[in-house]
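I have a structure here, written as C-alpha cells, and I will follow up with some questions on it.
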Amino acid sequence: MLRQDPFAFAAVVVLVLFALLAVLGPTLLGDIATSMNLRARNAPPFELERGFWYLLGADALGRPILARVILATRTTLLIAGAAVLLSMVVGSVLGLIAGYRGGFLGDAILRLTDIVMSFPSLLLALVVLYVFDPAITNVIIVLAITRVPIYLRTVRAEVMEIRSRMFVTSARVTGAGPVRLIGKHILPMVFPTIVTIMTLDFAFVMLAEASLSFLGLGVQAPNVTWGVMVAEGRNYLSSAWWLSFWPGLAIALVTMSLNLVSNWVRMVIDPVQRWRLEGKGEK
Amino acid sequence: MNDTLLKVSDLSVEFRNGSTVNKAVSGVSWDIRRGETLAILGESGSGKSVSASAIMGLIDSPPGRITSGRAEFDGMDLLHLDDAERRRINGPRIAMIFQDPLAHLNPVYPIGWQVAESMRLHGVSPEEARRHTLELLERVGIRNAKARLKDYPHQFSGGQRQRIMIAMAIALKPDLLIADEPTTALDVTVQAQILDLLTELRRETGMAVLLITHDLGVVAQTADRVVVMKDGQVVERGDVREVFGAPAHPYTRQLLDAVPGKSRFRQPEAAGERLLEGRGVAKFYPISAGWFGRPVETLKALDGVDFDLHKGETLGIVGESGSGKSTLARTVLGLTRPTSGEIRWRGRNVAQMSAAELFEMRRNLQVVFQDPTASLNPRMSVAEIIAEPWAIHKGFLPRAQWKDRTVELLENVGLRAEHAERHPHQFSGGQRQRIAIARALALQPEVILCDEAVSALDVSVQAQVIDLLRKLQTQYALSYIFIAHDLPLVRDFADRILVMKQGKVVEEGTAQEIFERPREPYTMELIAASPDAVPRSESRWRSAQ
Amino acid sequence: QDTALTIALPAEPANIDGCNTTVTGIGVIVKENIVETLTTISPEDGSIQPRLATEWEDIGDGKYRVSLREGVTFHDGTPFDAEAVAFSIERLQSQEISCLDRTKIAGIEITTDIIDEHTIEIGAAPAQVLMPTLFSFIGVVSPNTPTDALSRSPVGTGPFAFEAWNADGVHVARYDGYWGEAPQVSEATYVFRGESALRAAMVEIGEADIAHDIAPQDAVNPDIDIPFLNGETTRMRIVMLPPLDDIRVREALNLAFDREALLGTILSDRAQIATQFILPNINGHNPDLEPWPYDPARAQQLLDEARADGVPVDREIRLVGRIGFFPNQEEVLQAIQQMWAAVGFSVRLEMMESADWLRLVNRPYPADREAMLIQEQHDNNNGDAAFTMRFRYHTDGQQSEMNNAEVDRLIDTAEQSVGEERTLAFQEANRIIADEVIPAVPMYHMVSYMRVGSSISYEPNVLSLIQLELADITFN
Amino acid sequence: MARHFAKRALWSAISLFALVVAVFFMSRMTGSPADLYLPLDAPTEMRVQFEHLHGFDRPVYEQFFSFLGDLLRFDFGMSLRQGLPAIDLVLQALPTTLLLAFYSITIALVVAVVTGALAAWRPNSIFDRIATVLSLIGASLPNFWVAIIGVIVFAVTLRWVPTSGTGSVAQWVLPIAVLALRPAGLIVQVARSSMISVLSSAYVKTARAKGAPSRRILFVHALRNGMLPVITVAGDQAAGIINGAVIVETIFGFPGVGKLMIDSINYRDFAVIQAGVMVTAIAIFLMNVLIDLAYLGLDPRTREEMV
C-alpha cells in the first residue's frame, strides 16, 4: 500500500535515511564536523574545490555544513523526539481524563493547563537552569512541559464530542470499562488529530530547543543540533544564507516526511478512507 | 411513452475493496411515470439504496463505480451530469429522503435552518423559506414546530428526525421524490399522516414517488407498480395488485408469506422471576429560551411510567413517535438518569448499583439501538464489533472460538461469513442493523432490549430474525423488551404490550387484549392506521390512475 | 536643509536619567546631548576637559573649588548655578534611588559647599586623587527633577532638549538657549531595533542616519560602515586551581591561542590584540608589553613538562562565557577551544545566562568553584587604570583571583600618587601581572562598527558606545 | 449556562492565584536582581543597599505576604529597572501585543481554514500536496528567519514596506505576516485532517442531495463540524503570541508584552514579571472562555454538558 502513495514512500525513505545518519553519523564523521578552518569561513555551497564535505558550504568557523548537519542529526532527533513524545503522552492522558471524566478533576486539569499556558517559558527555563544542572533531560522536560497544553486541550475537546457518540454508548452498555472505551473507541478517533499536531510540533520543538541552548540550558558546543545551527546562522542571514538554510531544510524535511507518513498512516487505519490508497494502483 | 419521468436502464454499480469487487447493483432497469408511485421492494442489501444514490449522483467514486447504465430524466442522463446540472436537478427536481435520519442531519445546525436551506439554495427568499419551513414542519407533524425550529437534531426522537428529513425533501415540490425507507422509524399514525401528505403533494404537483421500502403493507396501500430486487437484480416487476396477487418469483412469494400479523397470539405463561421493573419513571428535558435563559418549559419525555419484565417474556412497547419509548430504553440501560422514579434490576435500583453489579447487569442486558449506523464504531471491522462483548466479559468464550462463533452469529442474522472483515460503512442499512443484533446476541444475555431492532429489515429477513429470537427465547428463557411501531410484528411477537403516548403508558395488556379488545381510543387509532398488506384499489394513498 | 536625524540603537534603555549617563544605552542618548557633566574626558588622550565647570582647583583636604559656567539655563528655564550642582550631587548619592553613576564614586562620600552662585566647593572623603575625572561622572540636572524616582524625561543644560518618549522612540530637539555653539542637527529620534542586520538596512534605505553597533558581518560597505575601538577589552580570567595553578599550564594556554587567526575572520581586522586589560589611551597602560606569540609546539612542551611533574593537565577545564558580550562571541570561544584542544587541553565550553555567570565572578566565590576559564569584557573609558586595577588584581579586589604582595603594593602606591609616579606604578603592576602571574588569557581590544548615512559625517571614537554627541555630527 | 461561567470564573481565580504564587517563588529562585541591575563593578555595599532599598533582604515569606497585601489593591509595586509602576508598564505594552495576536491569528485562521478545507476536498490532489508542503514549511520556519528575510526582501530590496516601527499601517504588515505564518501552517494541517473525516459523513451527502454547491458543502456544512480542533490549536497559538511574540517585537521595534517580559525576566524585575504574568494570564483565561463559547456556538451537543 505504501508504494501506491509515492509521496509517503519518499517520506519513509527520507526518515530511514535520517535515522541511519543519527545512528551512524557521529562515528563515521570523526572530527570532520568539528574541526574548524578559518580560511573556509562562510564558504559558499556548491564549490567542490574544498572537497565533498564542503558541498553545502561552511559555517562561520569554516566547518563543513554537510558534516555538521549529519553530526547534529542524532542529538536533534533525540531531543525533539523525546520532548514531543513526552508532551504528547502526558497531554493526551490528561486530556483523556479531563474530557472523559469531566467534573472536578476535569476542571482542575484544565485550569492547570491555563497556568502552564500563561507561565512564561523563559522563566521556567531559568528556574530549571538554576535549580538543576544543565542536562539534556532538563531541556526535554522544559520543552515537554510547555507543549503539554496543546495536546491536552485538543484531546479533551475531541473526547467530549466522541464520548457522546452512539457507538461509545453502545460499548458502554455492553459493559465496557473506561480503559476499553478510551483505548478502543475514543483514542482511535482522536489519534489522527494527535498525530497531526505531533508532526507539526516536531519542527517547533527543534527550534525552541535552540533558544534554550543559548541560555545555557541545552546542548553546548561541540555538540550541536539543527535548531542551534539555524540560530547560529541568524547573524549571517544577510551575508551567508546557507548557514541557516541547510539545517533549516533538514528540519523542514523531517517535519514534512513525518507529516506525509502520518497522513498516510491515518488513511490506512481509517477504513472509510482506505480506498484512497487502494484505488490508485489499478489506474 | 410520453409521461415517463425517469427511465433507468441496465444500471450496474460495484464497490472495490482492496482486491475484491462487490457488485451491489447489476443490470437493473425500471421506469417511473409522472405522478405515480413506484415501489422498490427487496431484500436488505439488495442494492435499493445504492441504485437510488446512483441516480442522485451520491456514489462515492472511488470506491464505488457505475459500470453501466443510463438514467434518462427530461432528456438528460442522470448518471453523467456535470456539477452545475447536478445542482439544478438535486433538490428542486429530484429530492431524496435518506434511510438513516440521524446521520443524515447535520448535528451542528438547527433543524429549521436545515429545512429552510433546501429552499434557500434554489432561490427562495429568506422570509418565504422561513414561513414555509414552519408550515412544512407542522405538516409532517412536528408538534410545537415554531418553538422547535431552533433545536438541533440530537434533541429529536428517531421518528421526528425522519419527519424533518421528509420536510426537507418535499420543500421544493420536486418532480420525483426518492424515499428510502421514509416511514420505517415512524409509528403507524404518523406513517399514515406522512403517506397522506405525500399523496396530497402528488395530487397538488404531480410529483412521482420512488418508494424504497420493505414494508409490504405500505407498498400494498400506496404503490402503483412495484419492482422487486434481490442480490442486485430485479427479479420481478409489475402492477402491485398483480404482483401481490400472483407473485411469480419465489422470493416475492417468500416475502408475501413472511408478512407478520397472521400468526396466533402468544399466550403468556405463568410469570417467571421478575427481572426488571420500573416505578414511576419520569424524565424531563428543560427547553430553554436561549443560552443563558432559564428553562421556560419542560418537555416530559417520560411521565410516570410503570412496567415489569419477567423471565422468558416479551414486553412490546408501542406508541407514536416521540412518545418516549427510546427514552425509556435509555433509562433502563442507565444511560440517562430518570428525573424521578426508579428502575430495578432483580430488585436492585439501577441508579444505586456498584460498578460490579452494573457490570453483571450489563452482561445480562443487551441492547439493539434504533440507529444502527451510529451505534457501530466506524473503525472496527464487523468481526471486531461482534467479538467486543467477549473481550469485555472475559471468560465467556475462549478466544479460539471467537471466529467460528462470529460466523455462526452472522449467519443466524442472515449475513455471510465473508462480511466479517468489512467495515460498517460498507453495508446497507438493514445489514448494519443485523450486525447490531448479532452483537447483542453474542453474550446470550437474559434480556435484550430491541429499539426498533428489525424495522430496517425486509419481511423475510425480519421473519428470520424474529424466528431466531423466538428460538433463543424458548431455549434460554430469554426476555425481550421489544420497541416497535410495526403493530403486526408486535402482535406476533409480544406477550404483553405497553401503549405509550406523550411519555405516559395509556394502556397495558396481553397482545390479545390489546389487539382484540383495545380500550383506549388511541390504541384503536393505532391499530386502524396500520396498513394492510393486501393491495386495495380504494386505498386513499394510491394515485388515481 | 532637513537636519533631523534618526539613530538606530540596539536596545531600548530602561530610563534616561541624568544620573545614569555612564550606562551604555542611556549615555548615548543623554550624555552631553541632554545632560552635561562638569568635565568631560577627551576620547583622544583621556585628558580632562572643562564642560559645565570652567576651572577647578585642589584646595586640599580632599576639596576642590570649582568655577561654574555662567549664562547657562536648563531646558525648563531654571538657571544653572551652584544650587543645581549641589542638588545633582545629592541626588546622585541619594539612597532613595539607585543611580548607576554612583558605582563610579562608590565608597566615596561627596560633599558640597556653595560659595556663590557660580562657585562651589566639592569635597570627597576619602580624598580623591582623580577628582577632576570624577567630575565627568556628575551630570547636572534641573533642580526640578524628582528625587525619589529615576527620570524618563531628563532636563539638563545640553544642546538638545528632551521632547518625548513613546512607542516610536526617544525624541530630542535642538535647544535654542544653549550656551555653546548651536549644533547643525535640529532634532533627533532614537529608535531601538534589536537586530544588527536590520539597523544596518535602515541606514541603507534611508530610514535611519546612524546605525549603532552593528555586527562585523553586516558591515559590508566600507564607505559607510566605520569601525572604531569601542573601549571594551575582552579576556579570559583564570581561576587558579589545579591544574591552572601551575604557571606553565597558564603559559601554555596563552601560547596555544592564535590571536592573529581570528582577526579579519570572525572578528574585525581592526580589533587589537590586547596585552593587558586596559586600552593604550588609559593612564597606566604599559606599552612595553608584547602580545603572546602563537607557539603551539612550546605550549605542548610546557604541558608535557607539567604533566611529568604530576600536574593534572588532562583534567577537563570549563570555559564559561556569558551570553551577549559581543557579536560572534560563541564562535570566537569555540575557535579558541579548538586551538587548545589541538595542544592537548580538554576544554568544555559553557555559555551562561548573566545571573548564573555572575555567581562565578564576584566575591564571595562559590565554595565548589573548580579550575576554570571565565570570559570577561571590561571597559575603562575613564582615562585612568585605577578604575581597573584594584578591582581585578588587588588581593582584596572584588573580582580578583590574585594574591601578589608586590602588585598589591604597586596598586596602593599608584592610587595615592599623581603624574609620572602613578603611571609608572600602574605600568609596573601590569608588567608583573602579564609576565609573572598570568592570571588571564588576554584577548582583544574590541571594535564596533557604526553605519553612518552618506548625508552626514561623524567620526566615532572610543567613547561612542556610551556617548554620542549630536553636536559632533555635520551634514555633507 | 450562567452557572457554568460563574464556576469557571471561580476556577480561574483559583488558578490565577496559584500562578501568581508559583511565579513569585520560582522567579526568586533564579538569582538576585542586584547583580544584574547594578554594573559589574558595583561594590558590595551598594548591592547591600540596593537589596535593602527594594526589600530583597527580608525573608521570602515576608516579601510574599507584603506582595499579597499589595496585590489586593492591584498594586504590583514599582519596576526595578524602569522605576515606574509595574502594572502601568504592562498595560501600556498590552494593546500592541493583543492587536498583533488578534490580527495575525485572525488572518492565519481565515487563510488556513480555507486552504485546509480545500485541501481536504480532494486529499492527495495536486492542490493538497502543494498546500501541505507550503503549510509545513510555514510551520517549520523560525520566526526570526522569516522576519529578517522578510525585511531583506520586502523592505530593503523591493521597498514595499518600511523595515520596522509601529507608526503606520504599512509597518504592521511584516510583523503580522511573520506572526501569522506558523499558526497558519499548523491550522492548515489540523483543518485538513479534521475536514477529511467530516467530509465523509452522511450529512454531507444530504447537502449534496439538496443541490448545494461544493463551496457551500465545504464551508457551511462540513467546516463547522471540523472546527473544534482548529479552534483549540488557534487558541494555543494566540496564547503563544500573547505571552511571547518576543522575536517579532524585538526585531520590528514593537514595544509589546513579550519584549517587556523577556527584559524583565532577564533583569529579574520581579514586579513587572508578576504583573505581566497576571495580565497575560487574564488575557489567556478570557481567550479560553471565548474558545469555550466558540465550542458552544459551533457544536450544540456540547451545550448540554454545561447546563
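First chain written, first letter: the chains are A, B, C and D, and each begins at residue 1.
As a convention for this text, a residue touches a chain if its C-beta (ideal position, glycine included) is under 8 Å from a C-beta of that chain, and two chains touch if they have at least 3 such contacts.
These numbers come from a predicted model, not from an experiment.
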| item | value |
| --- | --- |
| Central subunit by CA centre of mass proxy | D |
| Distance from the mean Cα position of chain C to that of chain B, given in whole angstrom | 87 |
| Mean-CA-position distance for chain C and chain A (Å) | 44 |
| Chain centre separation (chain A, chain D; CA means) in Å | 21 |
| Centroid distance [mean C-alpha coordinates] between chain B and chain A, Å | 48 |
| Two or more partner chains touched - positions in chain B | 425 |
| Junction residues of chain A, two or more chains touched | 126, 129-130, 237-238, 270, 272, 276 |
| Junction residues of chain C, two or more chains touched | 197, 201, 353, 355-356 |
| Every chain pair meeting the contact rule | A-B, A-C, A-D, B-D, C-D |
| Chain A - residues contacting chain C, complex | 34-36, 38, 41, 60-61, 126, 129-130, 134, 213-216, 220-222, 232, 235-240 |
| Touch list for chain A against partner chain B, complex | 165-167, 169-177, 180, 184-185, 188-189, 269-272, 275-276, 278-279 |
| Residue ranges of chain C touching chain D (in the complex, touch as defined) | 12, 14-15, 22-23, 95-98, 100, 102-103, 106-107, 149-150, 152, 167-169, 191-195, 197-198, 201-202, 204-205, 207, 353-356, 358-359, 361-363, 378, 387, 391, 398-399 |
| Residue ranges of chain D touching chain C (in the complex, touch as defined) | 30-32, 35-46, 49-50, 53, 78-79, 81-84, 96, 144, 147-148, 151-152, 155-156, 159, 162-167, 250-255, 263, 266-268 |
| Chain A-facing residues of chain B, complex | 16-18, 62-63, 102, 333, 335, 358-359, 362-363, 365-367, 369, 371, 374-381, 388-389, 391-393, 423, 425, 436, 439, 443 |
